[in-house]
Each structure stands twice: as C-alpha cells, then as structure tokens.
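In what comes next, chain A is part of two complexes: it sits with chain B in the first one and with chain C in the second one.
Let's turn to the complex of A and B:
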C-alpha cells in the first residue's frame, strides 16, 4: 500500500471529527435524519482511516466478531423486553400511554447498538481483506 | 429458438401485468397509513423523525432480520476469504 506523509497527517486530523460525526448521527437518530445504519457506516469509515495511518496494525478479528455477536444478542434482549410490559414482542417496552421522554430511551439504545453492530461488521469485513491479502504491496 | 420465444412471451406478459398494475391503480390508492403515521407517530413512538419511528417501533421485526442478515453476511465473507490451511 502506497503511503504518503500528507495523507497520514490529514487522516490524523480528520479521524476524531469523523468519529464524532458518526456518534452524532447515531445518538440524534430520533430527532434528525439518520439513524443506526447510516451512523454505523460513518463510524466504519472512521475506523478504516486508521489503516491509512498505520497499515501494519491490524485489529483483532476474533474480538470484533465476538463484540458484534454480543451486540446482536443485546438487541434481541432489548426487543423482547416488551413481552414483560406490553405482552407482545418487537415493540417499545414503555406502555403506549407512557411519557414520551422515557420512550426515547428505547430508541436511543436500539439505535446505538444497531450502529455499533453495523460499524463492527463493515470493519471486520475490510480487516479480513487486508489481513488475508497482505498489506505489503 | 423456442427458448427465445418463451423468453419474449414471458417478458411481454410481465410488462403487460406491470403496466396494468400501474395505470389502473387509482381506485386502490388511499393515504390511510400515511395520515395515521403522521398524526399518531410522535405520541406512540416518541420519535420526531418518523422514519426512525417506523423502523424501530412499527416495523421492528424487519429491522431485526436486517441486522441478522448483516451478521450472517459478515461471517460468510470471513469464512470464504480466510485461507484453507487455517480453517482445516
């Protein structure tokens, strides 16, 4: 992989801002356009920029996959929590005539975990390609 | 030759069916679900962005399987792209 010092410098400046923007998109998914999937894609690009900065440091793949699996299980648990309060699966766990501010907790939590899952999935796919293809070109 | 004839017949029938479904759909049009989401969506889901309200509350079942499809795709890609001597 060709690497120039200008690209590395600009990537180091841009990396925290892209990370911040991705988290902004995810956390504000219920008030402004965006949400878990879009913010997760932005977070994935932010993490992939680290391969420009240091191409020899590859993230631990097994750890990423384990984190993704556990976040999917957490999503399933949050979703099936509504069986205890409302009696049906796959809805908000706050009763339908509850406070709007409490209902937002469900949306924010689910957006966060979906975003984390999407970002980890894209990052692990790209990391596998770099790891198996070899970075010395 | 017969394959081509069958293909052309199939394509024309599909085209006729699609155009009939597009041009004769006025009597099936209604905006019940749109007006329902716009009037009740904020109070039932707590989301100002109605898209998030739909995909995280009304249609959450679809979102769960969307996420699970992503998990399956990622594990499949990792399984295919690793070298054979590492797996076996």
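Let's turn to the complex of A and C:
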C-alpha cells in the first residue's frame, strides 16, 4: 500500500521546520521552557516523519546506537569535570563567582548531549519496532 | 478570568473526548482521538503554568504514541500460521488447495487479515519478539489422525475459528494459555 500524496507532501514541508524547532528548544533550554528531553523528543518525531516520506528507508542502526552510548559517556565526562575544578562531582565546573555567560556553557552542553541521547534512543527503539517482522505501510 | 473560562471549556472537551475514546469501536479513529486528547491536555498544562510539561506532552502524546499505535495496528493485519503437518492439508497450490487452507483462507478473509503460512523448517524467526507473534500452530495427531489447530487462549479470533470448524469431525481447535508454548 502506498501513502497518500497529501501526507507525503505535508511531511516534506514540515520536516525541516520540526528539526529547527527541536534544535531551538534544545539550545534555548536554559532560558526558556523545554530542554534536552523535550527537544530530543521533537527531534525524534522529525526523523521518524521520514518514514512517511520513504517507507523503504533503512537507517544504520548499529551506528546510531553507538552514537547514543558515546553521548552518554560524554555526559558523564562533562559532569565529572567539576571534580577537577571544585572537588565535587555533578555540579558546574566553573567556580561559583564566575561570569554568568561562562557558567551557562555547562547547561548548554549538557542539554545538547541529553537531547542527542534522547533523540537517538527513541529513533533506534522505533526503527527496531518498525523493522521487526517486515512492516509495510 | 478569561483563562479560567477557556480552561473549563477545555476540561469539558477533555471529558467528551475521553468518553469517545472508550466508546469508539474503530481503531484508527481511536488513535486520532487519542492524539487530540493529548493536544488538549498539553493546552491545559500550559494554562496551569507548566509549559515544560506541555512541551513533553505534545511531543510524546500527540506524535510518538499514535505512531506506535498505528504501527501495531497495521502489524495485526497478518495472521501467521506455522505448519507442522507433513501432508497436503495446508498446501496452497493453485487448483488443489488443501481443506485446511480453504478454511483458514475464508477465516482470514472474514477478518480482512493477510494469511501467511510458514513451514516448520523455516529457520530462526527474525526480529526481536517474532517468536511471540505466531497466531496458530497446525499439527497432526499421530494416534487419532486428527488435525490440531493450536492458538492462544487470550485471542478472540480463536472462538470464531472454533465455530467455523465445529462440523468437521477431524479438526480440533485447542486453546493454550499464554506462555505455555515457545513458538
């Protein structure tokens, strides 16, 4: 069965805007509502919408899962950086009397990697679910 | 003041949509109503000063959940049969179809399912949970020469299959509880 051409056309138009919105929510997570998890979920929907455009599309799942695992390790490394500067784990690595423009680097980096991890995790879960048993739209 | 009126209207709409979801019999319609439910819930979250939760709700509730449900509905359109009988009871060749094949074909046509028959030596199932998605096993009992159709007890389709084969003396439908079979 083929998808209706209206659905394919609308998906093609919406795809870049959803991607942009997801990145906006991730990057602006420290000043506005949203953050890593919400932006990551929106990014995952943007990637999954491509299944409507081209059902035969096959993602390289192993690469995605490896990327997700390495982003988790990067999150742990960023969080442990504060042990070197402050002597405590799981806090900001900039000293407490530092500039606020430098301090927010920590939040932005953490939001970015959490968003990447959430998006890749959702996409890999879905792709396994869709592939299993030969799914035809 | 205005916000409370809008909030009350949304809550009334939410109750109506929830009742529609419970009472609807069409699966696809139910999915669409479910995503509308999530959209209204996220609006209510926003009016109650939780925009963070509203963003998560609108991304997961109205985009990802309907996708999961639609995929699982379209996966249910396949009726998978594994053939353990060695003779031509289930042969699907043109012209000389087996009797069991005719029964199963009319049964799957009744429910608009797509019939798939796999032989026994088909090898390992592919995918993560495929060994749970077999719907029917066909065996031949060596002592009584009856054909045994084994299916899950929780499936409603088995009752219809039992009704269809009630006047065939050599076909027996067995219902097995969940978890007793491995394939």
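By our rule, the second predicted complex is superposed on the first by the 134 of 137 C-alpha atoms of A that agree within 3 Å, B and C clash if a C-alpha of one lies under 4 Å from a C-alpha of the other, contacts with A are read in each partner's own complex, and residues count from 1 in each chain.
To be clear about the criterion, a residue touches a chain if its C-beta (ideal position, glycine included) is under 8 Å from a C-beta of that chain, and two chains touch if they have at least 3 such contacts.
Keep in mind the model is a prediction, meaning the values are calculated, not measured.
Chemist: Going by the contact rule set out at the top, does A:96 touch chain B (first), chain C (second), both, or neither?
Modeler: Once the two structures are laid over each other on A, A:96 reaches chain B alone.
Chemist: If we overlay the two complexes on their shared chain A, which of chain B and chain C does A:38 touch? Say first, second, both or neither.
Modeler: Touch partner of A:38: chain C, not chain B.
Chemist: Contact-wise, after the overlay, does A:128 reach chain B, chain C, both or neither (first, second, both, neither)?
Modeler: After superposition on chain A, A:128 lies in contact with both partners, chain B and chain C.
Chemist: Look at A:61 in the shared chain and tell me whether it touches chain B only, chain C only, both, or neither; answer first, second, both or neither.
Modeler: So A:61 only meets chain B here.
Chemist: Quick one: is A:48 in contact with chain B, with chain C, with both, or with neither? Answer first, second, both or neither.
Modeler: second
Chemist: Which chain, chain B or chain C, is in touch with more residues of chain A?
Modeler: Comparing chain B with chain C, the partner touching more chain A residues is B.
Chemist: Just checking: does A:69 make contact with chain B only, chain C only, both, or neither of them? Give me first, second, both or neither.
Modeler: A:69 contacts chain B only, not chain C.
Chemist: On the A-aligned overlay, A:118 touches which partner chain: chain B = first, chain C = second, or both, or neither?
Modeler: First partner only.
Chemist: Does any part of chain A touch chain B in one structure and chain C in the other, and if so which residues?
Modeler: 33-35, 37, 128-129, 132.
Chemist: How about chain C: which of its residues touch chain A in the complex?
Modeler: Chain C residues touching chain A: 51-52, 54-56, 59-60, 63-64, 67-68, 71, 74-75, 78, 126-130, 133.
Chemist: Given the complex with chain C, which residues does chain A contribute to the contact?
Modeler: 25, 33-35, 37-38, 41-42, 44-45, 48, 122, 126, 128-137
Chemist: Within their complex, state which residues of chain B touch chain A.
Modeler: Touch residues, chain B against chain A: 42-49, 51-53, 55-57, 60-61, 63-64, 66-68, 70-71, 73-75, 77-78, 81-83.
Chemist: So in the complex, the part of chain A that touches chain B is made up of which residues?
Modeler: 29-35, 37, 61, 65, 68-69, 72, 75-76, 79, 90-92, 94, 96, 100-104, 106-107, 110-111, 114, 117-118, 121, 124-125, 128-129, 132
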